[in-house]
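The following pair of complexes shares a single chain, subunit A, combined with subunit B in the former and subunit C in the latter.
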Partner chain A sequence: MTTFSRRSLLAGSAALGATLGLNLSTLPALAEDGSMTLRLPLIRASGNLDPQRYVGIFAVQDMVFDPLVHYGPGGQIEPGLAETWEVAPDDTGITFHLRPGVTFTDGEVWDATSMVWNLERWLPKEDYRWMQIANNYKDIEVIDPMTVALHFTKPTPTALTELSYVRPVRFLSPKAVDAEGIYSAPVGTGPWMVEKDGPAGTDLVPNPGYWGTRPAIDRVSLVVIPDGLSRISSIMSGEIDAAGGKFIAPVSPQDATTLKANGVTVVTETGTDTMILGFNPRNDLFRDAHMREAFNLLIDREGIARVVMKGYAKATMNLYPEVIAHAGTRFDVPARDVERAKALLEEAGWIGEGTRSKDGKPLNVELVISEDAVPGSRALGEVLQAGFLEAGIGLKLRNVDHAARHGDIPQFKYDLSLFVTNGAPYDPYNTIGLMFLSTIAPGTDGKIYEDTALDPLILAALAASEADRPAAFQAVFDWLHANWAIAPLFHGDRIWAHGDRIKSFAIPATEYEMPLKSLSL
Partner chain B sequence: MLRITLNRAVSAAVLIIIASIFSFVIIAAFPGNVAALIAEMRGGFVSQEVVDRVAVEYRLNDPLVLRYFHWLGDVMQGDLGSSLRTGESVSTALAQRLQPTLVLVLGGSLVTLIVGTSLGLAGAMWPNGLIDRTIRAFAVFNVSMPKFFLAAMLIYVFGVQMQLLPTFGFRGPASWILPCIAVGAVPGALLSRLMRVGLEETMSRPFIITAKSKGFGRRRILFRDALPNIVPVFLTTFGMNIAFITQSSLIIEPIFSWNGVGAYFVEAARFRDLPVLQSCLLMFSILFILVNLAVDLIVMMADPLQRRAKRI
Partner chain C sequence: MKWFNAPIRIVGWPTLLLVLSFAFVAIFGSVVSPYDPAAQNLMQAMQPFSPEHWLGTDNLGRDTLSRLIAGAQTTLIGVTSILLLAGTVGMILGTLAGYFGGWLDEIVMRLCDFGFSVPSLFVALAIVGVFGPSYGNMILALAIAWVPIYARLTRGVVAAAASQPYIESLRVLGASPARIIFRHLIPVALGQVLVYASADAGLLALAIANLSFLGLGVQPPQAEWGQMLVSAMPYIQEAPRLVILPGLALTILVVGFNLLGERIALAKNPRPMARRKLSLRRAIFKQEMSA
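Entry: the complex of A and B
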């Protein structure tokens, strides 16, 4: 029988202590890493980075793969792999002059051949018809090895903006696929190369042959930290340098408040999207404009922005925030007016004490909420519930997950639902095109509103020439506003927080990129 | 002994088949449009036609029974399918993520054992004294505390304030300490109460009084006579706690950013990744059944009464 003497137990304990001590002694080094490695969290693993698959983290794909053109601040289109371009006067084509001397990180040359190879992987496919360039695609013309023209069947003024998207439009090395043409490795022309990738995180190093300004950082180490609380702790302990971005490592308004109170720098900028309470347009209850107006007037938008969003939001009645191109004139945010709302409900025939009723049917409506799809929707729902109750409207919250929402919303199985506009770089075109136009079948995110009277205005805005675009978009916004068609709530701020190692920091133009351009350690 | 072992193994196999049915049906019968999620990952905004096409491709419209047998056939051949979300092989992904979960389960079990035995014995050694009362208060406090809260407190104290231990990541022994304490402390506190009460009861039994009358000291009686009597109950409860610790990986792994099977399950649940969910659930079920089988056999070996009863 094996026995342990007191001496061997002590020796064992000492050895264990020494091992732990050795490991503990490495912690300060980790927290005060003096290298030029930037440590950022990711909400989940980078995943498959194939630019034609909707799986990977957008911002990591953006680091590796370049577009033809970049989406700059305020929607300004800037050169990327295309140095210059000419748009046909009728918007039915664009001729691109490709940037010379660019190679993919595996040595493959960037030219018309690699551009056409990439575009043919997705442009003609049905899966991408939601983009006007795919829907209106006619053909690709190779003029010379560094000049390519894209032709469309009809005017496509959205083309340049769409070509700045992260996916599916970014360019992959033609060698980075297997014999069957299936993506095999993340090889692009972008400023960063993937050095190591796995379920725990991704390490990226600068592309030595990058055509643009080389990053001032030696390495970006992306660590998977799915839990919001853990991300806060990691910033406060100095183990990571920054967190933020809607699709990277979100910092909620509550998190931002906590971090700020603990001396962490919080950087914010007006968001590019809008939180909207949508009325089911196929529900008889909301065909009556009185009802839509009443619901609108029962919302305390300023209160929501101040309390639920902790001040990290701006109350609104507009579909798009001002940072989106052609966002239109600002509408006044109405003060909450319970008496006027009650009068409107009575005009619509909903009367009685307690929960109102009409023809014996009580005024109970259901709001579909989903924390997965719309973070913060439960808290918002509860505030709306209390506000509607005051006017005799019973609001039931139905909490569903992402998959259930994607089943119910396109099939209009709801009374009210929370929607978020697509933001930059997709808007102003994407949200009104896909989530308002009744001639397009609802996608997985459904319709915020639809009306055959609205369709011609949207189609006119989407096809308008540059000169006519502001007025055409304004007509859409005016119609929505005059008909109380939607209940915009707020434009949420974009929030990032960073530690002391970061010397300069600026929030990027979209939620689909890392804040690396102006960042220094 | 061999016959008993075989009988138990057959029961375990039947349980595994039942678990496989539950693993499949519970996940597959959830409401919601999985085809829409898969289609969205392929091409962003998708139309109903594309969603319908995906549903046919992934056999999502087939009857549940047919889908179950199709899935079981693949599982029997070692093919757990591909993740609907990432396309990666579930078997490969699980293999990559097994190590952190094993470390958490083994480390957590070790913490449970250390906390349970040391506090239980100390309480029994000095009953109703200051130490016993302090330990009892500690145990009640620990049992009442949700695991996620304990984890958050550990992170705050040892990671943020003292900067002594890492707050996230699976990166060597130092990073294992807080997660293992977070999963092991609560079951450890429960076990300590079990041991303390068990020993107290045993110490009042006639054979202990006989031992005392022979003049043996309390420590000798406690360790040599009382302790072996509560070992079977202790081991059975400890076995159940291993299953509890395994379940806890679902909460603790995401908090400490460990990319183990628990975190994989949670991530898959958010995206309704059926093959991943079904495989993880099946794996947890099998682990639970096997641990219980092992504990049963160990208890049987450790307890002469049970051995004899089985023979009869």
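Entry: the complex of A and C
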């Protein structure tokens, strides 16, 4: 009869544990990697990569699908699937000369037919009206097999920038859909092809027929590591080569501090977005400019940038950082002035010791925070809470998840909320258009502020010709500043960290793409 | 000193010292706390142990020791409130069900079955989800989740006691149900409930920390250990003490409550006779036999 000794039981358990450990490893693909495989983390699985759906990871879509034009460093528009283009003098149309000799990775040819097929999937549809090119869309004119003109109903100076976005504007092979026209496979003209995709990660290999410079890396293994601390451990242990990008695998200022202390290279660049404390424009409390000014003066912006953001941010009073086109002149960041704020509150009728009150109603406001939607908002909320309390304002923090925030904010169910501008490539147009214009229904990110007096200024800026654009945008910024309409806090740095395997590294132009163009191992 | 010796004999001085220390901190926390636990000083953020800040400061420059003391207050007030609420409601329901029986017993026990079929923390999560996260709602949610435990416990004790001859005699002598319940049954059940509650307090302290860790319990600026833990997680590499200290405080409190509950429960059980006493008894027995 076979008997199990304690030793054999222990040995068996150890073997089983080791086997399970190997199988459950988050990095199974790495065992088979060569030296030229780049290993990067993803915050979640790539998901459905249909370029016309807002589901997949932007950066993976960007690797597979090309745009007509690229958003380059500093907002420079560079050729993509369109080799050259001519913009109509009145900005009501653009004629694109398509790049010859380009094919999708399934062999389908890139030409006017495939371009029109793609544009017709979304451009005329209601769902995409948040973009000026869709809102002002008139028609598409095929001039010849390699020349296509887009016509708009009114001047659309934002068109080229919008055509560089990742979604919904990227181009899918017309063959990569089923009989009903529904997306079936990630087939594009981009530098990379999806080799393997699943909940644990995505493997991509270079497109052998890519029209541009062929990637210098043999393979990119994207591994899903949702937890920030695990990503830090993985990069320190060398399991992954780099991490960063707000929508790829974010590295927080605290993570960057830890990584730097452990000898990992941290690369930063001035961010393209702005963290803003927004006042609910439909709340009577904040219709009074005294209140908005008082709240603005109670914020220790420099302290927040230095301590909460660990120095990886720049305090600001501007809507956009300087790296965004037409960001306007820099406003002085006001020093925290509790006495002036108290005087303003008293002018507004809020008086008393402890928590102030007016007509028997205490001055208690609620700040919506969401670590899911705005990482770091909890600590930020606590700093604001302590700052406001000093002037007799009670601030309650309401912590919600991403979905709840997207439900409450568009319905104006808040007093104060933290907002982040859209950054490159969307700005300067997107944030003022969608998050300030009162004539447009609030999207999932809500309105940072709205006022009918501000609308004409925004509309003028969005339609201004290139020569008039700086002044038109400046008029919007001046109005916001003069009316204390918003409380900009800081421009957060863009942070990437990488290990020793990476020899050259440069942060990409936007948070929506991988740093692959200048990367070498 | 007899009044003092009895509890020491029952629970042992280390356990008593542990629990009393936390009770002292909870009662006199505001007096012994070196700083305002909510006061921020961004210039002093992440300070290590020092004479000014014995346990250092957190990411927003708040004194860690003061926040641990305030956290003890929050936890112990929460635990006491939940036990009082759940114990009172549970005892009332359990006593009525156990004494009157019939349909009332059926309804209360089926509700308890429902309560037991879902983990208490899930019930609390659902209630906080509906009413919104706050300290008060968390206490209410945990009290509701814990009521079935005390209702069932009380019902068992009361049902057993109600069938005793002395209760039958009281009925025959014309004692009213209220008199029987308040004078004779509740005191019997109370002993059992208190024993259970002393062991349950540790579990409740963990539940409070769990909910606050998830952002569904205590809200800033009020200090609480679970909340301190979650706020400190990003800094675990830079300043592990920020995670270790509240974790340690919570562990010690839970161990203290568990030891207290266990010792009280053991004290109620018949204990084997000590060897010396047993020898003495045997000697007396032998003498009697030989006589």
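Before moving on, here are some points about what is shown:
We adopt the following convention: the second predicted complex is superposed on the first by the 488 of 521 C-alpha atoms of A that agree within 3 Å, B and C clash if a C-alpha of one lies under 4 Å from a C-alpha of the other, contacts with A are read in each partner's own complex, and residues count from 1 in each chain.
In the analysis below, contacts are C-beta pairs under 8 Å (C-beta built on N, C-alpha and C of every residue); 3 or more make two chains touch, one makes a residue touch a chain.
Nothing here was measured: the structure is a model prediction, and the numbers come from that model.
When both complexes are superposed on subunit A, subunit B and subunit C end up sitting side by side without clashing. If you stand at the C-alpha centre of subunit A, subunit B and subunit C are 30 degrees apart, rounded to the nearest 10.
Looking at the superposition, the partner that touches the larger set of subunit A residues, subunit B or subunit C, turns out to be B.
In the superposition on chain A, contact is made by A:229 with both subunit B and subunit C. When the two structures are aligned on the shared chain, A:506 is found in touch with neither subunit B nor subunit C. In the superposed model, A:410 lies in contact with subunit B only, and not with subunit C.
In the superposition on chain A, A:77 makes contact with neither subunit B nor subunit C.
In the superposed model, A:289 lies in contact with neither subunit B nor subunit C.
When the two complexes are overlaid on their common chain A, residue A:216 makes contact with neither subunit B nor subunit C. After superposing the two complexes on chain A, the closest approach between C-alpha atoms of subunit B and subunit C comes to 5 Å. Shared interface residues of subunit A, touching subunit B in one complex and subunit C in the other, are 229. By the touch criterion stated above, subunit A contacts subunit B in their complex at residues 19-20, 23-24, 26-28, 30-31, 44-45, 47-48, 53-55, 125-130, 167-168, 198-200, 223-227, 229-230, 233-234, 236-239, 372, 400-407, 410, 434, 440-445.
Contacts from subunit C toward subunit A in the complex involve residues 38-40, 42-43, 45, 59-61, 132-133, 215, 219-221, 231, 233-238.
By the touch criterion stated above, subunit B contacts subunit A in their complex at residues 30-34, 36-37, 39-51, 85-88, 93, 96-97, 152, 155-156, 159-160, 163-170, 172-174, 177, 254-257, 259, 263-264, 266-267, 269-272. For subunit A in complex with subunit C, the touching residues are 228-229, 232, 252, 254-255, 257-258, 261-262, 300, 303-304, 306-308, 371, 378-379, 381-383, 385-386, 389, 396-399.
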